[in-house]
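Data block below; observations after.
Chain naming follows the written order as A, B and C, and within any one chain the residues start at number 1.
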């Protein structure tokens, strides 16, 4: 027996040298991909966004003409040096930057821009954002200038056109099927384009030798595969990942606390507001009084505390997150009293609306549907259910697998659900998806947005005007009116502004955006703004060296 | 049965099982709503909350107690079903022999050899989530074990004289199976039931951990699912998953203890060995290449 | 020989049944793989684009039986199709590395568990009621009563996260190149330690008990008594006579155990982010990725059947009586 013990001890001792946290690859930034996946497949096709495409395709390899910076509200010139609208807002011109090279050394030009949009026109499967609906023609009227002609005046087109990643004609003209093209050795203009290593559990991308902005401070990007949140978070917490957008509970204690010098995070509330959507095509949710009453039964402080670990705050009645802070109407916020937690008022409202309590004290019941992976939404929904019971509404949480849930909400086969909202340059897209009759689909038909199926002709008129103007005054005026309408009608119930998750580790690199230096959002998941960050990062001053803590 | 209770191992195991069954039946009435928010999330065990709180501020103790019900019900349901189906198919195969045996035997072997969990995952992912689905899926993938064992036993019993006598005296096949064959393999049936239950509890917990159960129900498996989802390991909140794991293991262990006791009782050789060792111990004699004969004064109670 | 041929025939039928099930079940259930795929794109997807994509992927509406025969044809020619969730990668390319790691982990675990468990079984049977017999079986059975993944989580937490003794994810260090060099092989070993260790500990009890019980039976046989009477040493009797004979029934259990472990390792792989087939299957099922599900099933089943066939061959070699059958 002693022999065995000896062998075991020796084995354990040897093995103890095997622990690996703290190993650092010099010059390499380790980034967490957004989608958790067990195995990486080599695919860098920037068009194929919902497929299994690797992060670098749109975040570090292919670049657009302009980058919209949600923190400043401005467009940053990138592959184009400026843009101009025609007077009638039907033509958009971009001046293409000189001196940009593709990673294979060939020159980038306006011709590549033309080719990219041509491809999208001839392959509908690549036109995921429906540019074809408003874009009529793309031409090069003078050398170095690209002109986009629209079918009608449509100012929101700028965002989509300007941020489209551009691909090289000389490579893609020979691609038979651009949808299934895996683009394993990409030729691109971005800061990191060279595939140095690729395995199923990890891969490494090196610098673009011809990058037009000069050599990036980081030498290479490394990516690790994780099958789930727990594993991804563990890597972040042990310091094996440098840049991530993970949801980490009690982050001060378990992340920052582990290494206060190098572990940092910043969660600006610039992602879309999270709403509670009641299906307005189904009674009694077609009654704004009912919607407002439900809203008043929600203790948003508790929801934020238990569901979101206090990382955000209760939303106001306009439904605008901080991405639209400059559009917020103080008047509308004040008028939106139905987001305050007021159980008595809620009860009164339901009594008035004609929903008496039965012998058990119940007025009506419903199910809140939630996708089963979203634990923060699950917790939020459970808190809300407890609140609803106080006003005599018997609500229960029902979970479905993500795909099933997504299908249900898009088809309107639900009573109440949580949901996200989008962030664009202006609230046009947001309110269109919340209130426009154009986005309403019948129950059973797929509605990619406006799951709650609320349409208001007044909103339509306001939105139409908004889409045609670039005048700041007029824009603000219309957005204020949209907010007033939203507060009046309560088409959906805002819960809390969405935090934009971001964590970083300064063991090797500094220059990340922070609350003190908010030059861009911190999250690595918001293309193409990640280009702004990747070109800012620089090695930490050599005096401090590289910390190899666990 | 008496022998079973006199075996210390089995008695302990049974006691544990009875305790858990009582907990499953009456526990939920005593602990209140396990999904209620009662405290600060992720609080460690304290006087107020014996097992601490979950990531959503719920009482882990209440959840552990309440979770027993569904888990044990599914476990026992699968256990019984597997034995019932196994008995039906196993005896048919063993008794009738010939092409029936070939066909059923093939069916049994095919189901035995298919990788269980992947098949379970595939099926469970598509049916509506919940304990009923899990029960069905586990029965579908697990019945072959009982069938195989019962078939072997049927084959060996079938050749005995009393069966031949029964056939000759004109008893119907069904009666022979029910009255002559099955009662002679009681211990085997019980053992199969226990084995199937252990398997069912383990597989169920695994499936629910993956999120394939109904995550709004409180069961041992979903407790572990939520513990993982609320980053139990990362926050060092061991109390959110250790109690449930211990419960599962204890129940499994108790079942295994009862099972091995049954094994001993049914297997005369093992029983004899144990009796022998105990007699030696009583007389204070060491075992060696040549062992003296011992006379026991007390009447043997084994 | 006839015995082996019959077994091969049986395995072929089992493989076909398994694959057919994997084909039928996802298709009988509600859900649209196109939806599942587009659901990743959590924003507006224009209907035109969706239709065009559907066509590009060949989401066919052909009747079920037609699809089935097409599928069987492809499988016979070694073409497992194109994965939907990893489009445009072929199923073969997605599975291949994963299969290797799953088999490595499961295989190593079963072999080690079998070796240690059987050896402990011999010892406890020999020294019945000795200190080993009193401690080992209860502890190991108790450990075996825990679900695999629970032990995995515990070990990951204790030895990986808190103590940092072992790597906590993946099959080898990412900065190494796979190859037959010492650094790589050492890295693979240290990364496999925790996952395999979990499986070994959880399955040890079973091997111990079954070997122990068989040994007890064998020790009563006449030939053991004869060996003692002839004056052979205890050790010789234990290993050369008793154990060798007791081993036989356990060898047949080996193949079955491999099947079990391949199943159970699914959860262990997820906990340790081990790049095996475990999480691939979950993802495939969630994305309604029929080709991938079918491919995974086929490879897992074939691997298990192959192992069982190997075991049968070994058994025939070990036990002359079986050759007659």
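By definition in this document, a residue touches a chain if its C-beta (ideal position, glycine included) is under 8 Å from a C-beta of that chain, and two chains touch if they have at least 3 such contacts.
Keep in mind that what you see is a predicted model, and the values were worked out from it rather than measured.
Visitor: How are the chains arranged in terms of who touches whom: line, ring, star, complete or other?
Guide: complete
Visitor: Taking each chain's centre as the mean of its CA atoms, which one is most distant from subunit B?
Guide: The most remote chain is A.
Visitor: Determine the chain that sits nearest the middle of the structure, using the mean of its CA atoms as its centre.
Guide: Checking distances from each chain centre to the full centroid gives C.
Visitor: With chain centres taken as the means of their Cα atoms, state the distance from subunit A to subunit B in Å.
Guide: 47
Visitor: Would you mind pulling out the distance in Å between where the CA atoms of subunit A average out and where those of subunit C do?
Guide: It comes to 39 Å between the two C-alpha centres.
Visitor: On a C-alpha centroid basis, what's the spacing between subunit B and subunit C, in Å?
Guide: About 22 Å separates the centre of subunit B from that of subunit C.
Visitor: Touching two or more other chains, which residues of subunit A qualify?
Guide: Correct list: 234, 401.
Visitor: Send over the residues of subunit B in touch with two or more other chains.
Guide: 125, 228, 233
Visitor: Give the residues of subunit C that touch two or more other chains, as numbers and ranges in rising order.
Guide: In subunit C, 31, 161, 270, 282, 286 touch at least two other chains.
Visitor: Could you please specify the touching residues of subunit A with respect to subunit B in the complex?
Guide: It is residues 229-230, 233-234, 237, 248-250, 253-254, 306, 372-373, 375, 378-379, 382-383, 386, 396-401 of subunit A that touch subunit B.
Visitor: Which of the residues in subunit B come into contact with subunit A in the complex?
Guide: For subunit B paired with subunit A, touching residues are 35-37, 41-42, 55-57, 125, 129, 211, 214-216, 226, 228-231, 233-236.
Visitor: Touching subunit B in the complex: which residues of subunit C?
Guide: It comes out as residues 10-11, 13-14, 17-18, 21-22, 25-26, 28-31, 128-129, 141-150, 153-154, 156-157, 161, 209, 213, 216-217, 220, 228, 256, 259-260, 262-264, 266-267, 270, 281-282, 285-286, 293, 296-297, 300-301, 304-305, 308.
Visitor: Which residues of subunit B touch subunit C once you look at their complex with the stated criterion?
Guide: It is residues 106, 109-110, 112-119, 121-123, 125-127, 198, 202, 205-206, 209-210, 224, 228, 232-233, 238, 241-242, 245, 248-253, 256-257, 260, 263, 267, 269-270, 273, 277, 281, 289 of subunit B that touch subunit C.
Visitor: Please output the residues of subunit A touching subunit C within their complex, sorted ascending.
Guide: That would be residues 12, 15-16, 18-21, 23, 25, 35, 37-39, 41, 43, 48-52, 123-130, 132-133, 177, 179-182, 197, 199-202, 222, 224-228, 231, 234-235, 238, 401-404, 406-407, 420, 422, 446, 448-449, 550 of subunit A.
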